[in-house]
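The letters A, B and C name the chains in turn, as written, and every chain counts its residues from 1.
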Amino acid sequence: MNKLALASLMILLGLAVPHLAEAVGDPFLTTMATRMAIMGMAVASLGFLVGFAGLVSFGHAAFFGIGAYVVAILFKHHSEASPIPFLPFAWEGSLSGMVQLPLAFIASFLFALLVGALSLRTRGVFFIMITLAFAQMLYHFMISLPDYGGEDGLSIWERSQVPGLDLYNDYDFYYLCFGLLVGVLLLLRMIIHSSFGVIIRAASQDEARLATLGVPVFRYRLLAFALAGGIAGLSGALAANLYEFSGPGLMHWSRSGEMLVMLILGGMGSLFGGVAGAIMFIGLEEILAGWTEHWALILGPILIMVVLFAHGGLMGFFSRGRS
Amino acid sequence: MDSILLIEQSLNGLQLGMMLFLLASGLTLTFGIMGIINLAHGVTYMLGAYIAASVMAATSSFLLAVLAGMGFAGLMGLLMEFTILRRLYERDHLDQVLATFGIILVANEATKMVFGPQALFMAPPEYLNKSIQLADGLQYPLYRLVIILVGLLVVLGLRHLILNTKLGMLIRAGATHRATVAAMGVNIAQVFTLVFGLGALLAGLAGAMAAPLLAVQVGMGENILILTFVVIIIGGLGSVRGAFAGAMLVGLVDTFGRAILPLLLAAILPPETASGLGNSLSDIAIYLLMAVVLIIRPEGLFMIKGKR
Amino acid sequence: MSSKLLEVKGLSKAFLGIKANDDVQLSIHAGEVHGLIGPNGAGKTTAISLLSGELRPDSGQVFMDGKDITNLSAWRRIHMGLARSYQISRIFPDMTLLQNVQVSLQIAHGHSFRFVAPAFGSHGDEALAMLAKLGLEDRAHDLASSLAHGLRRELELAVILARKPRMLLLDEPMAGMGKTESIRITQLLEQLRGQVTMLLVEHDMDVVFQLADRISVLVQGHVVATGTPEDIAKNPQVRAAYLGGEDHDG
């Protein structure tokens, strides 16, 4: 089966999810698929960084969290009709998805630009740790803001208003997330194959060579890092809508670790690996949690087995099986 | 800040630093020599605390409790190395992250099943559970002083081990010239296992010593693990001396941050905001410290030369 | 004589207090092949990295076309036409040979900040022609990581030459090469003579004396002599440095 056929099949399957859920009489499956699509988007953006740009970020949840907080804060000020204090102009937030979602992307993009500018001079394990440090700083910073819920976070009473869609309808919400996921994957695919993407990939293979060929590697990496951050922010904004909540817990380092785990589980060689990992991880969690409260006792060994015996993750396993 | 408070906070910082050093020495050696990122290092700390608390409850013997916590943690470390981690030495850091994350899941869940979801509490032994007068107006808990003392003993012991013994020579050589050591006909796998066991033992000791100071609960290992990583990154990977410097630095910065920041903020903000903000900002301080160290010296303060 | 393309004045660099380059003076004329020889540890690779901009000198200056480029970063220097090869060839291992050259051409054409069009759709013919020049066209679609050591060096040269440099810094191009491979590279460099100025660091004295128009000798981070191959062969200081320094009071 060639790649195009496989992709088409996946898209058809994705489109059919709510109907399949209804057919088996379990509408909750649609919500689970929504979660998978949201996390899949975040993990795919991480996969773009790790698998293609060679940058292992251990702070990706921070960008995800910023996206969620953007939605929560815009909602809060809108519902209280109070101006947002840290803006230089008077604005009382918004409920519109057409404002919230792009702003979530932009805010995370800008924060990632800052973190990247400071972090990208380090390499390897030091990069892993400095991204972790910035994420933890943000985590503690959000806890220190009592106006925005502090440790408890912010609840969201009203989901984003998106023209033509009702996010309180599970189908509409799912199709929004699924549509955005497909859009993000296509965008990332296009970028990976573009001139910019080639430079990013070359930089992960031999940075010194690229520099002495005349490329200011840092700028390219910075843009890639910010782009991945922005996408994670978008996915965080969707997650805030789904949970109707945003809190510091979304940014905790264990959430960043979980994203890496999903990515490795799915495999890093392809963009879809991140999505596959998210689907597997969330699916396993749900199935095992329905089965026993001690699901971690089963998930843990599965992770270890994947590392020891299925090198390259799920996608690697399949592509090896094919060749 | 008056001098009494200054001394008190310095001792607190020293005590936290010693605790972090017990954890960091093992972590930095396993990273420096075997190149492995072991997220499960905090697990041995947690197990040390749980076993110590249980043994203390059963026997009321503090010494026995600490020895049992250490021993069990060491054994679990050996078991982890033998079954899983030794297969990961040549692997990518990402694989190590995934596998040790898996170990955390299992260990935390198993601990919850065995000991129950509630936190355990452990009282320090009667003879250590008092304050002593260090100076005029300065009462300091004896138990915390004992922790500092134990930490110092471990520092001296490790120093002796690394500088004066054959194993120490192999550890030093292994960190920089692994191939040479292997070429000398030394069974490097055995050295690795030993070092790993030692690291787990010390983590267990830290857990057992920490048990009377805090709630013994699942997740305690991960919280301190991140701090420990901060320590070894600041100190430079693979350097025990760096781990010591990093641990002291983090211990003092964290303690003084907590003591001073709320006072400073209180001068400019309303009191309740100031204390909340001060606490969170002092949580930020150590991460800020690490970020600044890495931005100025991208490979840590005491990087062993020639090592990635 | 011809004009100076690259001039080095008093370049010094120390690592942990040990002087790798100590007051190095060099001037390289446009069009010449300039050999740089010296015993192991003389600081030849350090000198190359200082010239390429990957290392910054502690003191001294580098001029190209009379312009001070001492503080220019590595990626900017190649835009002036200054390229380097490495002792262990550096290429992009997970790309095909063709793609390796295509990346270089893409950079040469200055359009790497583009996000839409597939990159490997362009410069294919030009890249293939470059590979053909080095006799690598048969393997154009193999992964670069599959190449043996000698062919990697040739690919590296193809990648660099695609940038159309005016000056090449060659760090031991014959290192680890077999006899036939070594001859091929020598022929290739011979073909480039006149089109590209070269600074050739090399241990194989036969190659250096065959290719170089002039030779400089680096001993303990210091240039002790510069001259034609004949001059250098006769120079007593150089002989002393190579044959052991007992009878030499430097």
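Simple rule for what comes next: a contact is a pair of C-beta atoms (placed from the backbone, for glycine too) under 8 Å apart; a residue touches a chain by one contact, two chains touch by 3 or more.
Please read all numbers here as calculations on a predicted model, not as lab measurements.
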item: Overall pattern in which the protein chains touch one another (line/ring/star/complete/other); value: line
item: Two chains sharing the most C-beta contacts; value: A-B
item: Most remote chain, CA-based centroid, reference being chain C; value: B
item: Whole-Å gap between the CA centroids of chain A and chain C; value: 44
item: Centroid spacing, where centroids are CA-atom means, of chain A and chain B in whole angstrom; value: 32
item: Mean-CA-position distance for chain C and chain B (Å); value: 48
item: Chain B-facing residues of chain A, complex; value: 50, 56, 118-119, 121-126, 128-130, 132-134, 136-137, 140-141, 143-144, 146, 150, 253-254, 257, 260-261, 264-265, 268, 294, 296-297, 299-304, 306-308, 311
item: Residue ranges of chain B touching chain A (in the complex, touch as defined); value: 31, 37, 39, 84, 87-88, 91, 93-95, 97-99, 101-106, 108-110, 113, 222, 226, 229-230, 233, 237, 273, 276-277, 279-281, 283-284, 287-288, 290-291, 294-295, 298-300, 308
item: Touch list for chain A against partner chain C, complex; value: 190-191, 193-199, 201-202, 205-206, 208-209, 211-217, 220
item: Interfacial residue positions of chain C with respect to chain A in the complex; value: 52, 54, 73-76, 78-79, 83-84, 86, 90-95, 99, 102-104, 106-108, 111-120, 159-160, 163
